[in-house]
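In this document, chain identifiers A, B, C, D and E correspond to the written order of the chains, with residue numbering beginning at 1 in each.
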Amino acid sequence: MLKILMSDIGRLFERLSSVGTLYLPIEGGGQTAFAPWRAGADVQLDRVNTDLSVKGLFFPQTEDIAFFKREGKKISVLPSSDPDEPFAVFGVRACDVRGLEVLDKVFLDDPAHMDTFYKGRRENGALIALACSSPAETCFCGAFGVDLAEPSGDVAAWIVDNTLYWEAKTQRGERLTEAVRPVMAEQSGTSAVDASKKAARDALAAAPLASLKDSLSAWGANDMLTLFSSPLWANLSMSCVGCGTCTYVCPTCQCYDVQDFDTGHGVTRFRCWDSCMYSDFTLMASGNPRKTQLERFRQRFMHKLVYFPEKYGGMFSCTGCGRCLSKCPVSMNIAKVIKAVGGVENG
Amino acid sequence: MQNVRELMIKKAGEMLSSGEVYGVLAWERGDFACDQTPALFTSPESLSRLAYDEFTAPMLSKYLINEAKKPNEGKKVMVFLKPCDTYNFGHLLSEHKVERDRVYAVGVACSGIFSREKTLLEKCLACKGMEFHHCDEVIGGEGKITWDKLDRFAGVEMIESMTPSERFEFWRGELSRCIRCNACRNVCPVCSCVKCVFDNPGSGVMSKSNADEFEENMFHIIRAFHVAGRCTDCGECSRVCPRNIPLHLLNRKFIKDVNALFGPYQAGASLDDASPLTSYSVNDPEPGYKDKAKGGERVA
Amino acid sequence: MPVESAFQPKIAAFCCNWCSYAGADLAGSSRLSYPADVKIIRVPCSCRVNPLFILRAFQRGADGVIICGCHPGDCHYTSGNYFARRRAALLFSMLDYLGVESGRTRVEWVSAAEGQKFAATMNDFAKTVASLGKCRRIGDLRCRTSES
Amino acid sequence: MRVDNDDILRSSGTDVRKCMKCGKCSGACPSFDEMDFPPHIFVSMVERGDAAALLSSKSLWTCMSCFACVERCPRGVEPANVIEAVRASAMSPQGANRMRPEDVPVFLGAAGECLVPQQLLASAFRKYSR
Amino acid sequence: MTKIGVFVCWCGSNIAATVDVDAVSEAIKAAPGVVFATNYQYMCSEGGQAAIRSAVAEHGLTGVVVCSCSPRMHEATFRKAAAGAGVNPYMVEIANIREQCSWIHKDKAEATAKAIALARAAVAKLNLDRPLTAPETPVTKRALVIGGGIAGIQTALDVADAGYEVDVVEKSPTIGGKMAMLDKTFPTLDCAACILTPKMVDAAAHEKITLYTYSEVEKVSGFVGNFTVDIKKRARSVSVDRCTGCGVCSEKCPSKRAKSEFDQGLRERSAIYIPFAQAIPNVPVIDRDTCLKFQTGKCGLCEKVCPSHAVDYSQEDEVITKQYGAIVAATGFKPIGLERFDEYAYSRSPDVVTSLEFERLCNAAGPTKGHLVRPSDGKEPKTVVFVQCVGSREASGIGAMKGKPYCSKICCMYTAKHAMLLREKYPDSEAYVFYIDVRTPGKNFDEFYRRAAEEYGVHYIKGMVGKVCDEGNGRLTVRASDLIENRQLLIDADMVVLAAAVEPDPSARALATLLTASMDTNDFFTEAHPKLRPVESPTAGVFLSGMCQGPKDIPDTVAQAGAAAAKVIGLLSKDRLVGNPCVASCDETLCNGCSACERVCPYGAISYETKTVVDRGAKDERRVASVNEALCQGCGACTVTCPSGAMDLRGFTGRQIMAEVDAICR
């Protein structure tokens, strides 16, 4: 384990950014999101959670796939190349790391249908995860078995009493460690961070949403069709305005749409995030298969809590990051859904 | 406010018990202080979960579009409206989105709304006033503005006083955060098109994402223009933006211009006023009036 | 590097069919020249000009957009240009507010008899837009061709 | 005495260019016979920027501010307000645009009689002593 | 997908000298949809049109772009040529490469590049064009004239003389309107009744004209060529068929305290009455508000004395529904009320009268049998003051809402007439006319005014009356200014005559709503074009006659009535109306039913209905707009005001214009 005083942390960032672009939670416009580090940037390492998840660095909101060029009446296709620029992300929380693990399932699990754009970024992006010391009131990662104090990633880091502790977890982590070793000091033993870990876990256990785990188990007791046809969906979805906020701040939502844009000198084919909450999601000639907001609303939660675990060995595609809880315009969110369908009345 | 909540529950209970309304649109309490959710209460027993306090933020008028249309044997739906939401209600009535006689509208006193961070919302700082419009009755009376009011147009004027380049940089910085989640649009009582041009592949301008910086500009300019003269300045767009974009500064620019160019106008206050962009005066000022007045803006 | 004075701005001119388009015809038959980069789009009335069209023009690389219609009071459809005037006043003010130089947008009333005015307006507008240079604040990067 | 015509136009709050020279003000004016410049000419002179000549006019002090002309004017020109604005210019050097009680004796004769119409004083207090 | 042929015209050397036409036709071949391109010396010539025909046959073209002169010049020519070749005429686009290109540019490379860009824009637009068919609707060959004054009568007579049926609806019991109340007419001083009553008789006797007096229009639906109108015939309580007009009923009627409307309240009339001797129909009507039978149930005298048993108390209002091809509004005017003009003492003194009251006092059939006397004491007036512009030409101000901002146009002339009549009747009298301006633009008008001053010795004084005081002893004191001599006058007068401003009849506002015809801020009907279409309303099939459109005198009214008739005849002479297919249409799946389009439509072409809309299987019942294609003129105002883009304009769709924008900005 290595350590560095927080007052010297700029030196660590400098080292890291020499390896590739370094992304960090940076404050801008009253918000914190992952952005390239520059000397003097307002880095926010104690904020839980960043307003946007780390998802966008690996699965950008829009991404060009191909360009169609027209010359006279001939059309040629120029595919976009896979990303191969190395980069590192510092300060990723345990929930967001889990989010990437969920995305890995979707984009990389099936070798026949590998998403090469995502793959390129995953292979070139190093994750330096940062353990949480004090969870927010909206945090409930524990419900999904995420340990906020022991994040996975290439490197795990803890901040305790103005000191950052650093521990490599993977080979890529080891390589990064070598790169930063000159500016860091050795730390023997883990006692310094152990107390902090326990405090964090205790805090999460005392957080308002700690009981969600129990509600969630009530879900498991029901079969899929019972959950699907629960009369509760009508009331739960009633308030949903059908925006994509929850989807776009979610670290695991992976749906995208493929669209063409005529630039006047050719056509760019790109993909962009889509949201199952949208009325034009999966729009076909026959319309949207889920015609009402109730169906669309239900889809999102059934997918995260039932269909996904069903397909991927019990892994939920919610990580308890809490972003949708604080961002939803009408405060309708997955926690309320888990409780209601799990048989717990709010309040 | 506790008292107001009790009065609301009492009234709602009476209306439900008597069968005069089939449901009551109100707020349901959540897990924290400020995560109350709009909900339809259909039984007097359920009303114990009704919440109303200084964190009750969402507006209910837009839900009337759907709720007031449901058959329910022709019964009305009851709705609680904050003062600023009554303008939205008026707007929806004037555009025939809601049938007045299917709604029992109850104004509820407001004392300002606080954010999750326990600060008074910008829209409340710049409160338009506490009077109610188009309501069948009012609970709790007209509230009082107990805080130092912010000039509604101070922000707009601040931007207007910048140079074009500064203005561009300002908006570039703000709008580049946009993730096109459409929260601003979908929460807006005026943006209640059955299908938005930006969702409609046939419109020729459909766009789902901020694929290019132009897209955010386009989306926000057109959205602001489409609600120009109709926007009641309820401030919901800015409140719900997950990226903290001060969208009200776009809407208020149009409101300020409308007031200055075509005469004072408050959308939703009256049911029969033609809105500024569906009416005209032969003496309207010519576009670009500002440049003539200021002299130096147009670079030529 | 291109010489700055050689910059020819792209200008989209929306002209109503009854007055301004006829005014442009008169400018043509009077052989009054104006820059070739002013290109006219015929619309039935200035009130047909949707803000979407104006933004579209800027997206696709226009450097300036001008709307021409009948003089107030002379609209073939009686009231169209009054609506157009209100819409343009608001939209152009908004574009200015967003930092798009106000010299890039204009409304001018040109009657069928004002060929001279049409040409003069286009020359003046083109000059103004040229002095502002290439429109970089509102265009769509994907639509740029020759630039890197 | 210098006088700024624009100031008069501003402080009168009226638009003298609206006058269509109908003469209804002069037809209604009870002080007409006491005036060297009757209301319509008074307005006309202000309109053409010749207010300076009015400063020494009799009309300035014979207008009783009865507002008959204001009431009757079909164009909203409000001649009495124009006259009052010129009066204000005439008086401003004496009290820095303000009328104070100590200024009143200036308008009183030896026997305490009012040298100007009483309505004028009342009117001036109302308008300038705020 | 449209198969497009592009034809580049040389226009002799007009285009070809500046534009490399070969380069244009070659370059445009690469544009999407273009299967054929060529150039030709004169496309508008027979040879050019033949080239289009043969290319259509050879290449199976479904669309044609002609790069030539302005579409204002030859669009119709090429549409016709395309139609002749079997291509839908609305699948033709013109690229204007002459007026907009070759004639204004000198540099050939520059002009050629621009011509190609313009051609590309035309191709881009044509790719999105859809074949259109001009709509046709049949025409109901009957006209409705609303208002039975001189304007309505003249229009009805002219239309009827052309052989078309005309119905006239008049709200009062008789036709004749304001002109029937006048004594003499300027500038000829012939008697109004002598020239009007023959026309009234003609109208009543005309086999093509049906008069509905004491009736009102209640409902209007439909559109140009096919209006359906509900006319409410109010109960007269007297059978028009049986009544002989003997007048016994009026004589015997015990209730005689109602003010005569016709005589401006200067006389009292009975509850059952004929407004005036020459009324048409010459049938009395029972004013139920003052009739004892209707108010108390006791009386019934008229029924008893009527020799022909025409009185029928049980009559009820009746609604008649008829079809019309055209509607003429001729609702006329009324003088404004003078209650608020306190300064003229109109409400206080009976001897202060309006000009219309003065007409009745002069008229031989009037309340004084033509003996001009003061209403208060019946004495002959010696000094009369006439005040012009009472309530006319008023702008905002303290008295803001008292009057009208416009010039009433007729007052100068009738005041001159009144002053002359006075001086003629009483040569020893004095007539004073106070004026702001004397406006006499009209044939023989100024001469008439000068005669009043020069021959009749009327005192014209430039100035205005500031106040009229009723001195109580039968004297009126008039305080006024004389601006020429810069003095104030005090006149002891016996009578004061006020030339009250005119305003549109109050019934016009409701009628405008029924007709969806627009009005200006003064409630005058607006014209379709203030200069070029002055007798048409912007609403197709609705025409304007007389004062309802703006102040005017009798000659102007009659002229306009004839003009409106000519427009009506022109419309009714057609068997079918061929419309413009480039009109707005509403995509119901997008429509929000917000009414914004309806508010901006100048033609009332948009209406709403609640219906079930099915969009890809999703059903929704809601209010949606629909466009009446016969009324829509294709301006496109609605398309921009519609936020959801439900409204689009055929031939100029949003996507088409954006395609053009894309093409020229490339």
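A few remarks follow.
Going forward, contacts are C-beta pairs under 8 Å (C-beta built on N, C-alpha and C of every residue); 3 or more make two chains touch, one makes a residue touch a chain.
Treat the numbers as computed from the prediction; the structure is a model and nothing was measured.
The minimum number of touch steps separating subunit A from subunit E is 1.
Listing every chain that touches subunit B and subunit D alike gives E.
When chain centres are defined as mean Cα coordinates, D lies farthest from subunit B. The interface holding more C-beta pairs in contact, when B-E is weighed against C-E, is C-E.
Using mean Cα coordinates as chain centres, the one most removed from subunit C is D.
We define each chain's centre as the mean of its Cα atoms; on that basis subunit A and subunit C are separated by 46 Å.
If you average the Cα atoms of subunit C and of subunit D, the two centres end up 51 Å apart.
Per-chain Cα centroids separate subunit B from subunit C by 34 Å. Multi-chain contact residues of subunit D, defined as those touching 2 or more other chains: none present. Counting partners per residue, subunit C has 51-52, 56, 60-61, 73, 79, 83, 87, 140, 142-143, 145 as the residues that reach two or more other chains. Multi-chain contact residues of subunit E (touching two or more other chains): 600, 615, 641, 654, 658, 662, 665-666. Across the assembly, chains come into contact as A-B, A-C, A-E, B-C, B-E, C-E, D-E. Partner subunit E is touched in their complex by these residues of subunit A: 72-73, 262, 264-265, 285-288, 291.
By the touch criterion stated above, subunit C contacts subunit A in their complex at residues 60-61, 140, 142-143, 145.
Of all residues in subunit C, those touching subunit E in their complex are 10, 12, 17, 21-22, 24-25, 27-29, 31-34, 36-37, 39-45, 47-53, 56-57, 60-62, 73, 76-80, 83, 87, 119, 143, 145. Of all the residues in subunit A, the ones that touch subunit B in their complex are 28-31, 33, 51-52, 61-62, 137-138, 208-209, 235, 238-239, 241-245, 247-249, 257, 259, 261, 270, 272-275, 278-280, 283, 325-327, 329-333, 335-336, 345-347. Subunit E contributes residues 587, 589-596, 599-600, 608, 615, 620-623, 641, 643-645, 654-655, 658 to its touches with subunit B in the complex.
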